[in-house]
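What follows is chain A paired twice: with chain B in the first complex and chain C in the second.
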Partner chain A sequence: MQENKSFLKKPAVQTILASLICIVLGVLIGFIALLIINPSGAWNALGEILKNFWNYSKHTTQMKNLGNTLVKTAPLLMCGLSVLFAYKVGLFNIGAAGQYVAGAGACIYCAVGLGWGWFPCMLASILAGALVGSLSGLLKAYRNVNEVISCIMLNWICLYLVNTLLSKIKNPTSPYTYAINLKVVTTDGVTSTAAHPQALLPTLGINALFNNNKYVGIAIPLAILLAIASWVLLSKTKLGYELRATGLNKYAAKYAGMADRGNIILTMAIAGGLAGIGASMLYLTGFEDWSVTQASVPAMGFNGIAAAFLGGLNPIGTIFSSYFIQHITDGGAQLNKQVYPGEISSMISSLIIYFCGFVLFFKSTMNKWLDSRAEKSAKKGGK
Partner chain B sequence: MILLIQYMIVFASVLMLVALGGCFSEHSGVINIGLEGIMVFGALGGALVMSTLPAGTSGFVIVILSILAAMAAGLIYSLLLAVAAINFKADQTLVGTAMNLLGTAGATVIVKAINTKANPDNPSSTIQYIGAKKAFLLVEGYEFNWFMPLALCLLILSWVILYKTRFGLRMMACGEHPQAAASVGINVFKMRYAGVLISGLLGGLGGLVYITAGVSEWKFENGVAGFGFLALAVMIFGEWKPFKIALAALLFGFFRALSNVYTGFDFLRTLNLPSTVYNMLPYIISLIVLVLFSGNNAAPKAEGIPYDQGTR
Partner chain C sequence: MGNEHNSEYAIEMLHITKRFPGIIANDDITLQLRHGEIHALLGENGAGKSTLMSVLFGLYQAEEGTIKKDGKEVKILSPNDANALGIGMVHQHFKLVECFTVLDNIILGDEPVGPMGILKKEEARKKIMDLSNKYGLQVDPDAKIQDITVGMQQRTEILKMLYRDNEILIFDEPTAVLTPQEIHDLMKIMKNLAAEGMSILFISHKLAEIMEVADRCSVLRKGKYIGTVNTADVTMAELSSMMVGRNVNFHVEKKEQHLGDVILEVENMTVASKVHKNNAVKNVSLKVRGGEIVCIAGIDGNGQTEFVYGLTGLEPLVSGKITLMGKDITKMPIRKRSIMGMSHIPEDRHKHGLVLDYSLEDNIVLQRYFEPTFTKNGFLRRKNIRKQAEDMIKEYDIRSGQGPITTSRSMSGGNQQKAIIAREIEKDPGLLIAVQPTRGLDVGAIEFIHKQIVAQRDAGKAVLLVSLEMDEVLDVSDRILVMYEGEIVGQLDPKTTTPEEMGLYMAGAKREEVKP
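Let's look at the complex of A and B:
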C-alpha cells in the first residue's frame, strides 16, 4: 500500500499516466468519428490505424513498412525536440514547421542545385533552420513580438521563399524538384540530369534489418542521439540550467545575472537548427521530393508539437511519442479511402494536443485523490 | 482597379470580423490563437447549409440561414477553448494551436465523409455552392456582397458594446485586472465565457465571408491559409480598439488583394516579380507591423493568465 502510493506520486509516473490518458481520449473520439462515418467497419478501421505495418501478413513487408515509418519518425522527433527545447525557455515554437521548411529548401537546393555531399547539405539545413528560428527569437527579445504570431508569419514566408528557390531546380514534367536518388530520363532516352548519390544519407547497413529498405539509414540513430544530447544539455549543463531558469521566471533569471535576451535568441536558434536538421533527415534519403506548388506548410512541424507535449516535454519521452504519432499517421493511410478519410489520424493527433492542455489538471486531480486517500488511511492507522 | 478595391474590401471585412472576435476574447482575458480553427468550422457550417438548401430557396433565406449556421458553428467550436482555458486553466496557446490543427483535420474528415457517402469514388474535401453564393451578391457581376454592410454594422455594434454598455466595460475589466473586477461582484468566469463565445460568433462568420470571396467552392484540406493569424496581427496593429482594427484590416486587405489581382496592373506586371512575392506580402507586412507596434503595451494586462480565485 505504502509503496503503491509513492509509486503513483512519482512525477515521471504521473507524466506517463497523463500522456496515456491523452492518447486514450484522443483515440476514443477518433473511434466515435469512425462510428459515425460508418458503424459497421469502425472497429476494423481503428485496428488498421493502430496496427499500421502489422496490417501486412508477411514479415518482410512488415519490416519494410516499419522502416518507412521510422524514416519519417526521425524528422518528427527533431521537430518535437525543437518545440520542446523552446518550451523549456517559455517559448511556444509553432515555427518548427517553417524552420523545417527552410531546412528542406536548403538541403534540397544544395544537393540538387549545387551538387554538394550529404554532410554539407545537412549543415546547410541546420543553418537555414537556425536562421529562421533566431529571427523569431530576435524579435521576441528586442521588440517583444509574440513568438507565436511571428513564427506563423515566418512559416508562410518560408514556404513561399522555398517554393521560389526550388522552382529553379524543378523537374519540367512534374510539380516536383529533380529527385535526389533517381536519374531523370528524357523521352529520347538521354539522361538529362544526373542523380545525386553523393547527397544521399549513408545507410550504415541498418537498412539490411528492414528488408533492404533503402531509405533507412544514419538519420534514425542520429535522431535518437540528438534526443539524448538534448536531454543532457537541458538537465545536466550550466547552459541548460540557465535556459530553464529563464523559462521559469524571466525576471528572476535576469536578476541572477543570466543574459535573458541572449538566451531567448540562442534557444530559438537551437530549436530552429533541430527542426532544420529534421528536414534533411527526410529529404536527403530521397523518400519524398518537394512539390514547388504546394500551398500549405507541411504538417511535420505541427505534429512536432503533439510529439513534444505527448512525450511529457522530456526528450527521451519524445522519442516514443514521436514514433507513436508517426505510427498512427501512417496507419491512417492504410484506411480504405472509399469509406474513411485518412485525416482521421491527424484529427486524433490534434485531439491529443488538445488534451495535453489538461495535463496539469489531470496531475492535480491525481494528487488530490492520492492525498485524500493517504489522509484516510492515516486516520485509520491512528485509530 | 475596381477589382482591387472589391477584393480589398472583401478581405478587409474578413480580417476585421475575425480581429474583432479576437478583440472580444482578449479583452475578457483569454488569448484566442484558435481563431483559424474557428474560421474553418464557421466556413464549414455555412458551406454545408449553402450546399444542402434546395435550389429554389429564396435568396434572403439562404443568406440568413448560412450566416446563422456559420456563427453557430464558430460558437460551438469556441467552446473547446472556453472550457479548457476558463474551467481547466489550460495553456491557452497550446489549446489554441490544437484547435487550429483540429479545425482543418476535423473539417476535412467531415467533408470527405459526406462526399464519399454520396459517391464512394469522390474522396475529395471540396464543397460547392455555386448557386447559393449568388444570393449574397449586392450588385450583379461585382464582388460586393451582403457581408460588407453586415460587417460595418457589427463594427459599430462591437464598439458600442465594448465602450458604451455595462457589459462591455465589465468584460474589459476582467481582461485588465480580474481580481479587482471580482472584488466588485463581477463574475469573471461568465465574462470570459462571453468573450470567447463572441469571438466564436465573429470568427465563424469571418470564415464564411472568406470562403465566399470570389470563389464558389472550397477545399477544406487547405483550411483558411493563415487568415486567423493575419487577423491577430490586425488586432495587435489596431491596438485592440474596434475602429483602429477596421483601418488596419483595410491595409492588410489591400496587400492580400494585390496577390489576387496584380496581373491587372501594367506597372506591376512589368516588374516581373514571381507570384510568390505577392503571396508573401501580407505576411511580411504583418511581421514588419508587429516589429514596429508590439513595443507599446496596448494589450489587456491579464490576457493569457488563467483566473485563479485564490490569488486575489
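Let's look at the complex of A and C:
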C-alpha cells in the first residue's frame, strides 16, 4: 500500500499514466465515430488502425511497412523535439512547420539543384531551419513580437519561398521536383539525369532488417540519438539549466544574470534546426518528393506539437509518442476508403492531443484521489 | 448598552474546526466578540486567522462548531449571508475601483435607485456625509480613488461598511500600508466606532497597536486557540510569547560599529517609471560604507523598487552613476555586478528570487551555477550542487520535505526566503542589498534573518536594507534614509529618531537636503 502510493505519486509515472489515459479516451471517441459511420465494420476498422503493419500476414511485408512507418517517424520526432525544446523555454514553436519546410527546400535544392552529397544537404537543412527559427526568436527578444504570430506568418512565407525555389528544379511532367531516389523516365522514353544517389542518406545496412526497404536508413537511429542528446542537453548541462530557468521564470533568470534575450534566440535557432534536420531525414530518403504546387504547409510540423505534448514534454517520451502517432496515421491508411475516410486516424490523434490538454486535470484528480485515500487510511490507522 | 441586546456577545464562533487536506487550519477555535468592544485577533502567518475569518464570512464552511449572532445560532453559507447579518470587512488590499470616485465606490453594489434604474446619488451623498461627520472619517466624495492617499482609501473602505449598516467590523491588518500619523488617526476612528456601539475585530501581528487600541485579545498559534486576555492585564512580552510559544528577543544584538571604506556610491540616479510618465527615482545620491546597515525607509510605492532595479541592473538608468568598490558599474550587466560582489535579496521572492518549479538545490546555485565548482565542460556537476545545498540546509536551517530535491514551490515562505538568504550571503558579497527581507514571515524567521543581516554588517560588509516596516527600520539599521516620491528627503539616526518624526518625512510633510 505504502509502496503503491509512492509509486503512483511519482511525476514520471503520473505523466505516463496521463498520456495513456489520453490515448484510451481518444481511441474510444474515435471508435464511436467509426460506429456512427458504419456500425458493422467499426470494430474491425479500429483494429486495422491500431494494427497498422500487423494487418499484413507475411512477415516480410510487415517489416517493410514497419520500415515505412519508421521513415516517417524520424521527421515527426524531430518536429516534436523542436516544439518541445522551445516549450521548455516558455516559447510555443508553432513555426516548426515552417522551419521544416525551409529545411525541406534547402536539402532538396542542394541535392537536386546543386548535386551536393547527403551530409552537406543535411547541414543546409539544419541551417535553413535554424535561420527561420532564429528570426522568430529575434523578433521575440528585441521587439517582443509574439512568437506564435511571427511563426505562423513565417510558415506561409517559407512555403511559398520554397515552392518558388524548387520550381527551378521541377519535373516538367509532374507537379513534383525531380526525384532524388528514382530514375525518372520522361515521356520521350529518355532516362532523366535527375536521380541523385549521392544525396541519399546512407542505409548502413539497417534496411536489411526491414525486408530491404530502401528508404530505411541512418535517419532513424540519428533521430533517436538526437532525442537522447536533447534530453541530456536540457537536464544535464549548464545551457539546459539556463534555458529551463528562462522558461519557468524569465524574471528570475534575468535576476540571476542569464542572457535572457540571447537564450530566446538560441532556443529558437536550435528548435528550427531540429525541425530542419527532420525534413532532410524524410526528403533525403526519396520517400516523398516535393510538390511545388502545394498550397498548404505540410502537417509534419503541426503533428510535432501533438507528439511533444503526448510525450509528456519529455524528449524520451516523444520518441514513443511520435512513433505511436505515425503508427495510427499509417494504420488509418489501411482502412477501406469506400467505407471510412482515412482522416479518421488524424481525428483520433487530434482527439488524443485534445485530451492532452487535460493532462494536468488528470494529474490533479489522481493526486486528490490519492490524498483522500491516504487520509482515510491514516484515519483508520489512527483509530 | 448591554440591555438592548439579547446576549453579551455580538458574534460568537464556538469550537470551530476547519480541515484542509493534510492540515488542520482551525482546530477547535472559540472567538467571542462583545458588543462595542475592540477585539484583537493575534497570530503569526499561518496561524489560522485568515481561515477563521473566511469561515465567518461564509467563504469556507467549518466541519465542526457553531456561529452565533446575538446569542442565536446562524448559518453563514456565503458572503451575502455575512453581509445580511451586518458583518463587514476592510481587507488588507483594498477592494476599490481606482477610476471611480469615493462616492461611487461606497455605493457600488448597493446603489440607491429610483424608477427606471436612475441612481439617487444625492440621497447616498447625504448618508455618506452624515456618517463621515459622525465618526470623523474625512473623505472627499468626489475625488477619484487613484488621486487620494492610502489613508483616505481606507476611510472609504470603512464608510463602505457603515453605509451598508454593518455593525460588526473586521479590520484585516489595517496598519500595514499606513504612516504613523495615519495609524494614529485610524486608532482614533476605531475607538470612536466602538464607542458608538460597533463591534470591531482587529486582525494584527503588531503588538504595540493591539496594546493601544484593543480591549481584549485572542491568540491563535498553528491553528490552535491559545487563549483570550484583557490587554490591560498583560504585557507585550506576554502576548508575544503566547503568539510564538516562546520568548522572543525583539532587540537585535549589534556589535559596536566599525565603519570601513565606501563600498557603494550612487550619484544622481534617475530611473524611469513603468506605471506613470514621471521618473520613479529622481536624482538620488547616497553612499554605503563597509560595516554599516543603511536603510531606505518609506511608504510602499515611493520609488524604492525602481531604485533597487536600477542599482542591480534589472532596469537601465535614465541618468546617474553607480560605483561599486571603486569601479563604475553603471552600464555593467547583472551577471558582472553579481560576480563583483553585489548580492541582492529581492523584494518579490516568487517573481525574482526563485525559479519555483526548480528544486531547492537548483535554486541554491542560481547565482553560481556557472562557476567551475558547479559546471565543468558545460555539464552541471550535480554532486557538488547537492553538497552545496546540503551545507546550506544545515547552516541556515532550511526546512523542506525532501531536502535538496524538494520542489521550491512546495516550501513555506519562510524557508524559501531562508534559501534565498543563504544563497546571497554565501556568495560572500561586498554589498548586500536586502529588499523587504522579512515580508510576510513569522516572528521566528524574522529574528533569524535579522541576525544574518547584522552578522554581515559586523563582518564589515556594506548592507543596504529597503524596508516598509517601521520596527525593522528602527531595530536593524545604523542610518536611515527616507524616500518620498522618488527622492531622498531625510537622513535620520535610528538611535535618536522617533516613529513620529520618521512618519513626517515618509508622508512628505517634512524634508531636508541630504548630502551623501
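Here is the rule we go by: the second predicted complex is superposed on the first by the 378 of 383 C-alpha atoms of A that agree within 3 Å, B and C clash if a C-alpha of one lies under 4 Å from a C-alpha of the other, contacts with A are read in each partner's own complex, and residues count from 1 in each chain.
Just so it is clear, contacts are C-beta pairs under 8 Å (C-beta built on N, C-alpha and C of every residue); 3 or more make two chains touch, one makes a residue touch a chain.
Owing to the predicted nature of the structure, the values given are computational and were not obtained by experimental measurement.
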Would chain B and chain C fit next to each other on chain A once aligned, or clash?
fit
Does the superposition put A:Tyr241 against chain B (first), chain C (second), both, or neither?
second
Of the partners chain B and chain C, which touch A:Asn146 in the superposed model: first, second, both, neither?
first
Residues of chain A touched by chain B versus by chain C: which partner has the larger set?
B
At the Cα centre of chain A, what angle separates the centres of chain B and chain C, to the nearest 10 degrees?
70
So, A:Tyr255: does it touch chain B (first), chain C (second), both, or neither?
second
First, second, both or neither for A:Phe210, with chain B first and chain C second:
neither
Now for A:Asp371: first (chain B), second (chain C), both, or neither, which partner does it touch?
second
I want to verify one number: the closest Cα approach of chain B to chain C after the superposition, in Å.
7
Could you please specify the touching residues of chain B with respect to chain A in the complex?
33, 80, 84, 88-91, 93-95, 97-99, 101-102, 105-106, 108-109, 112-113, 116-117, 120-121, 123, 125, 221-223, 225-226, 229, 232-233, 236, 274, 276-277, 279-280, 283-284, 286-287, 290-291, 294-295
Per the touch rule, the chain A residues reaching chain B in their complex are 33, 36-37, 92, 94, 139, 143-146, 148-150, 152-157, 160-161, 163-164, 167, 295-296, 302, 305, 309, 337-341, 343-344, 346-347, 349-351, 353-354, 356-358, 360-361
How about chain A: which of its residues touch chain C in the complex?
236-239, 241, 244-245, 248-249, 251-258, 368, 371-372, 375
So, in the complex, the side of chain C touching chain A is made of residues 21-22, 312, 314, 333-338, 344, 346, 351-358, 362, 366-367, 369-370, 375, 378-380, 382
